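Next come two complexes built around chain A: one with chain B, the other with chain C.
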Partner chain A sequence: MFVGPFVIGLVVFVYVPIVWSIYLSFFNAYNTVTPTEFVGAGNYLDMLRDPAFRSSLLTFVAFAVFIVPTTFVISLGAALLVARTRVMQSFFRSVFFLPTACSYVVAALIWKMSIFSGIRSGLANAVLGWFGIDSVPWLSLADPPWYWLVIVTARLWLQVGFYMILFLAGIQRISPTLYEAAAIDGAEGWKVFRHITFPQLRATSTAVLLLLLVNAFQAFDEFYNILSTFGTYPPYARPPLVYLYYTALGSGQDFGHGSAGAVILTLIIAIVAVVQGRVLRLGDRGE
Partner chain B sequence: MSDQNLDPTIRQALGSSLTRRSLFALGGAAAVTGALAACGSNTGREPAATGGGATGGGGSGVTLNQWYHQYGEAGTQQAVEKYAAAYKDATVKVSWKPGDYDQSTAASLLTDAGPDVFEYGNGPTIDMIKGKQVVDLTDLLGDAKDDFNPSILKRMTYEGKTYAIPQVVDMQLLVYRKSMLDKAGVTPPQTIDELIAAAKKLTQGNVKGLFLGNDGGAGLMGGPMLWSAGLDYLAEDNTFGFDDPRAGQALGKLREMWDAKVLLLGAPKDWFDASALTAGLTAMQFTGLWTFPDIKKGLGDDFGVMAWPALDGSGKASVPVGAYGSCVSAKSKDVEAAKKFVKYLWVDQTQDQLDFATAYGFHIPARTSLIGQATTLKDGQAAEAAKLATDVGHAQSPILWTPKCNTAFGDAMNRIVKEGADPMGEIAKVKAVAEPELKRVLA
Partner chain C sequence: MAIVRSRKQSRLVGWARYSALVVAALLFLVPFYLLVRSAFMREQDLGSPDFHWLPPVWETSNLTGLFDNPAIPMARSLLNSGLIAVTQTVGVLVISGLAGYGLARIPYRWSNTVFYSIVATLLIPAAVTFVPSFVLVSTLGWISTLRGLIIPGLFQALATFLFRQFFLGFPKEIEEAAFIDGLGYWGTFWRIVVPNSLGFVAAIGTITFIGTWNAFLWPLVIGRDQESWTVQIALSTFLTAQSVQVSQLFMAALVAIFPLLLMFLFLQRWIVEGVERTGIAGD
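Presenting the complex of A and B:
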């Protein structure tokens, strides 16, 4: 009874749109959500044949391969450091966590307009200036791809704190008796981490990896706000959702192709998540 | 996008601030409203159901919902509410829509919760027309037809039928600092090669010669470059218009500027803001007419205006022009009343049009006969700009140029300008996307 309203909300605002989107992906649905012309797998084939869409998928597989482990390691490291801190632990915890409360859009604009603006007064270029290095137009160049530096630093700044808190919660749940037993056996430092902390964090690690993975493929906010320039988005570092937004789901209103692209993306996330679970064998023996 | 001419402040502040959540909300909303239109109670039709509702007039019991995007200039909202309140034949409820206006309006047209009268950048899209979401407004123009800016009106017309009434004209043009050109001994360039030479001379120390946007003009200058070569996105018969060596040559010129390191890149505020020019980061900038008040404030009279030059003797100089057009939704409960209101406000009420164009932001009235009455456009650079808009104004992109074509073209421009890709090879890729799209929309 109590969950009734939530179930209704879930069905109406989550499941119906998902099912509707799958339905639309099999139809010619320009400017309509009640299409009549069935095209079978046509939209899917069109999307898979579209070199721009394929390239955005590939880019984001590569992006995930990089960003998932990087965020994982940095947030785990931060959690371990904060957990060991005896003084001002809650201060450090808050400081690392604070960026999570910042809007992606706001952060993106600060990164774009203040830190990595292309002129001498931008923070990054001012620092380079101290060493006599010419200003770099970070976001204008396609080669070398400095834009990744801007995006990755913004993303890490925004996300590390959140995953750190997850790890911290996991670390604090580990029974002190395990550490005591290890101490009696003479284990310390890396050995404790290797044989106690990390294995005990298995469930947390599984969840974090999955969240990171989904997050990487659903990237939109900071990419859009950092790289889009007034109506266009460069053909590189373009997340699949941004591409779909420009060609199908924005003013284009091509819901057939847009939905097909979204379903393809979902399938990729699902497959990679399953493969990741199998390969890493995380969660199998979790708590 | 074809609406890049329009209302820069607000697009900068809001248009680019799209988040994934609002994208999903939008896609989800479109899907859900299709299924649940009957269940929705917040249809925007009740007074004050949507942001900034203002009910005006009295009239015959007909209520019309009119949508505007959120203009950045102070007083604009009060002005349109005042015009609506003065209309006697219907009650007009103005909705002021912040956020991603184009997308949310397009989505709302799929439902019964949409507006009766709404503005849209450069008129409705071809898909809206083909989908019969908007109605033909040709007969509203009457004798005034020839008075509207011709290239804008053409942009809002498909197969002889006009689907939107232009509200105000915005334009982009090349602005330069006279004193910097004088000092370098440069005269305003008449061809693209002269422009490149001038930009080289003007690039000194921390000052760059030319600013075409932080992407080196990839997003902004594609159209003007095609026109400067005497070409266009589409030929007169609606076939692909720039599979031509001259197009390759013209687009390659942007790469030449990039390689010569005369372009300003990475300015804190992009081309649609005057600050790069007024702060002395660049000597010449391609920007919008809307920046004139800021330029005047920063530079006084130390600036001149010109069109984007021709490639050579057989090309054409041009300035891109755009306009929000007032459209009538086919789902309106009273299409005739909605059309009557559009005719009243955007064809007949010339004093309101003049007020709307000149009293708040810096725009050009859509009706050329009003330009002479606009005190803001009476003399100096503004008068020259208004004349350029009428004489060599070129609508940004043709109505058949869909978002998909636009994305493909933007990709090609990025590769040509930033990566030095072969222009003809890139044009071929655009053609491969554009031809099936043209076939689809013309079907």
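Presenting the complex of A and C:
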């Protein structure tokens, strides 16, 4: 009566699909979910050999290299600034947090059609124009890859407030006596941050890094909405889920390869989570 | 002397900090400003090569025209989003609340197995398994139905995990008193535990509502027919089709985030708590 409904739902809607998918991944399953032609590890080998699949993993790495450190630093910085401000503290907190209400679709729209629209009245080009710099076609060219700036800043704006809240909660948990002791020792500014605040935020920092990484791995919404035009997505800048979406649910409905891809991605993310959990725990033991 | 200098210095640092905050806050508000400005601009002003700080003419017909535009089923998609977000939020709260309480308080034989299977599920983000879920939902014949959009999202391992942790910390004495009065687990849960946990319920509820309202990948995969579009899918279709009516597109986006902006205005406290609870679940 208590746990039953949840367990049944979890089995039917999470475990059954995963098991079914593992089964499908060993079959030739174009347009069918009850395949008959067994292909063994063929789908997996195809996926690993497919340059498009490998490049989707590279796209994720490139994206993570941009987004993880910038979000981490900016949200920590915002939390530190907000935590030290007495005047209008809740106003500033709300301003940074407000974009969390926005969906990726809405942010993509503002970024694509207003800030980074290729025309001269787009905000980014208007600002460049005030300094006498020519307009930049932010999204229509593959090279130079200006689209990265568009995609990274959109996610940054959406996510900073969320992680700032986590850091703020962490900062509030730090005992004031630590700061008093530091003040008596004459430490201030950067030294206090370096020796007290940052070490005390270790658990929060690790959780934030893991969340940032896992969320970057699942990036789909802003790539899809910013980069696809007239219903077609360019052949470059396809992160794993975008690649999977077009493989499994595009015109081909290739569930065999799609399932193999899903299994590979799930394994990667589970391994990352477990490894990171281990590293965290090992680190704690070291203290 | 040294004290005076350091006081001056700290005042300087204070001003620098404050200016940095103001500049950053303005930058964060720019996209909202552009959204509102563009939603009330005329099409020809949006397309003109000059940047306008304010609409030269405030165009309100973007709003009325939006609901008459057959290319974007705005009313229907808002209704769908509302229905999905409300039922999903209530469903998750009831299902995960019950399960979390059961796991925290009732000694089942399989409690540990269930708990570890939940933790294992937490490692796998739902988005990565959208292909398997799509396969199941299409086999059930639930493509382009509200059932298909709502039911698979009702069983949230994270929410159940959080409810379990929360109920483990619930004061046992209160429950024991209720038990002595003969309420049993069911009665104790609904009459004693839930009324005393409304803050936590609000935190999980608001976060679930926001996540569902803003969800994109699953509604994109399942909502194939126009009748089953959520407002995010309607917007996205309008956006990626590069439709000519850009100002109307901005108005549509403004309408789409309006309910959540209201929530932020009135329920921010619970949303913040929800973020804190869900974000650091790994601790």
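Just so we're on the same page, the second predicted complex is superposed on the first by the 264 of 287 C-alpha atoms of A that agree within 3 Å, B and C clash if a C-alpha of one lies under 4 Å from a C-alpha of the other, contacts with A are read in each partner's own complex, and residues count from 1 in each chain.
Rule of thumb we're sticking to: contacts are C-beta pairs under 8 Å (C-beta built on N, C-alpha and C of every residue); 3 or more make two chains touch, one makes a residue touch a chain.
What you see is a predicted model, and the numbers here were worked out from it, not measured in a lab.
Q: Put the two structures on top of each other at chain A: do chain B and chain C fit, or clash?
A: clash
Q: Quick one: classify A:Q200 as touching chain B (first), chain C (second), both or neither.
A: neither
Q: Applying the document's definition of touch, where does A:D143 land relative to chain B and chain C: first, second, both, or neither?
A: After superposition on chain A, A:D143 lies in contact with chain B alone.
Q: So, A:P234: does it touch chain B (first), chain C (second), both, or neither?
A: After superposing on A, A:P234 lies in contact with chain B but is clear of chain C.
Q: Is it chain B or chain C that touches the larger share of residues in chain A?
A: More residues of chain A are touched by C.
Q: First (chain B), second (chain C), both or neither: which does A:Q159 touch?
A: A:Q159 sits against neither chain B nor chain C.
Q: Considering only touches as defined above, state whether A:V105 meets chain B (first), chain C (second), both or neither.
A: Both partners, chain B and chain C.
Q: May I ask you to decide whether A:L265 touches chain B, chain C, both, or neither, giving the answer as first, second, both or neither?
A: It touches chain C, and chain B stays clear.
Q: In the overlaid three-chain picture, which partner chain does A:L123 touch, first (chain B) or second (chain C), both, or neither?
A: second
Q: Is A:S75 in contact with chain B, with chain C, with both, or with neither (first, second, both, neither)?
A: Touch status of A:S75: no partner.
Q: Regarding the shared-chain residue A:V3, is it in contact with chain B (first), chain C (second), both, or neither?
A: The second partner, chain C, only.
Q: Identify the overlap between the chain B-contacting and the chain C-contacting residues of chain A.
A: Chain A residues touching both partners: 12-13, 16-17, 20-21, 24, 33, 104-105, 109, 113-114, 119-121, 218, 220-221, 224-225, 228-231, 241, 245, 248-249, 255, 258, 262.
Q: Inside the complex, what are the residues of chain A that reach chain B?
A: Within the complex, chain A touches chain B at residues 12-13, 16-17, 20-21, 24, 30-34, 52, 104-105, 109, 113-114, 116-122, 135-143, 218, 220-221, 224-225, 228-236, 241, 243, 245-255, 258, 262.
Q: Which residues of chain C touch chain A once you look at their complex with the stated criterion?
A: 13, 17-18, 20-21, 24-25, 28-32, 34-35, 38, 46-52, 95-96, 98-99, 101-103, 106, 108, 111, 114, 117-118, 121, 123-125, 127-136, 138-139, 151-152, 154-155, 157, 160, 185-186, 189, 210, 213-214, 216-217, 220-221, 232, 235-236, 239-242, 246, 249-250, 253, 256-257, 260-261, 263-264, 268, 271-272, 275-276, 279-280, 282-283
Q: What residues of chain A sit close enough to touch chain C in their complex?
A: Touching chain C from chain A are residues 1-3, 5-7, 9-10, 12-18, 20-21, 24, 33, 78, 81-82, 84-85, 87, 92, 94-115, 119-121, 123, 126, 129, 157, 160, 162-163, 165-166, 169, 189, 203-204, 207-208, 210-211, 214, 217-218, 220-221, 224-225, 228-231, 241, 244-245, 248-249, 255, 258-259, 261-262, 265-266, 269-270, 273-274, 277.
Q: Which residues of chain B touch chain A in their complex?
A: 1, 3-4, 11-12, 16-20, 23, 26-28, 30-36, 102-103, 106-107, 109-110, 125, 127-128, 130-131, 133, 206, 213-216, 218-220, 265-272, 281, 402-404, 406-408, 410-411, 413-415, 418-419
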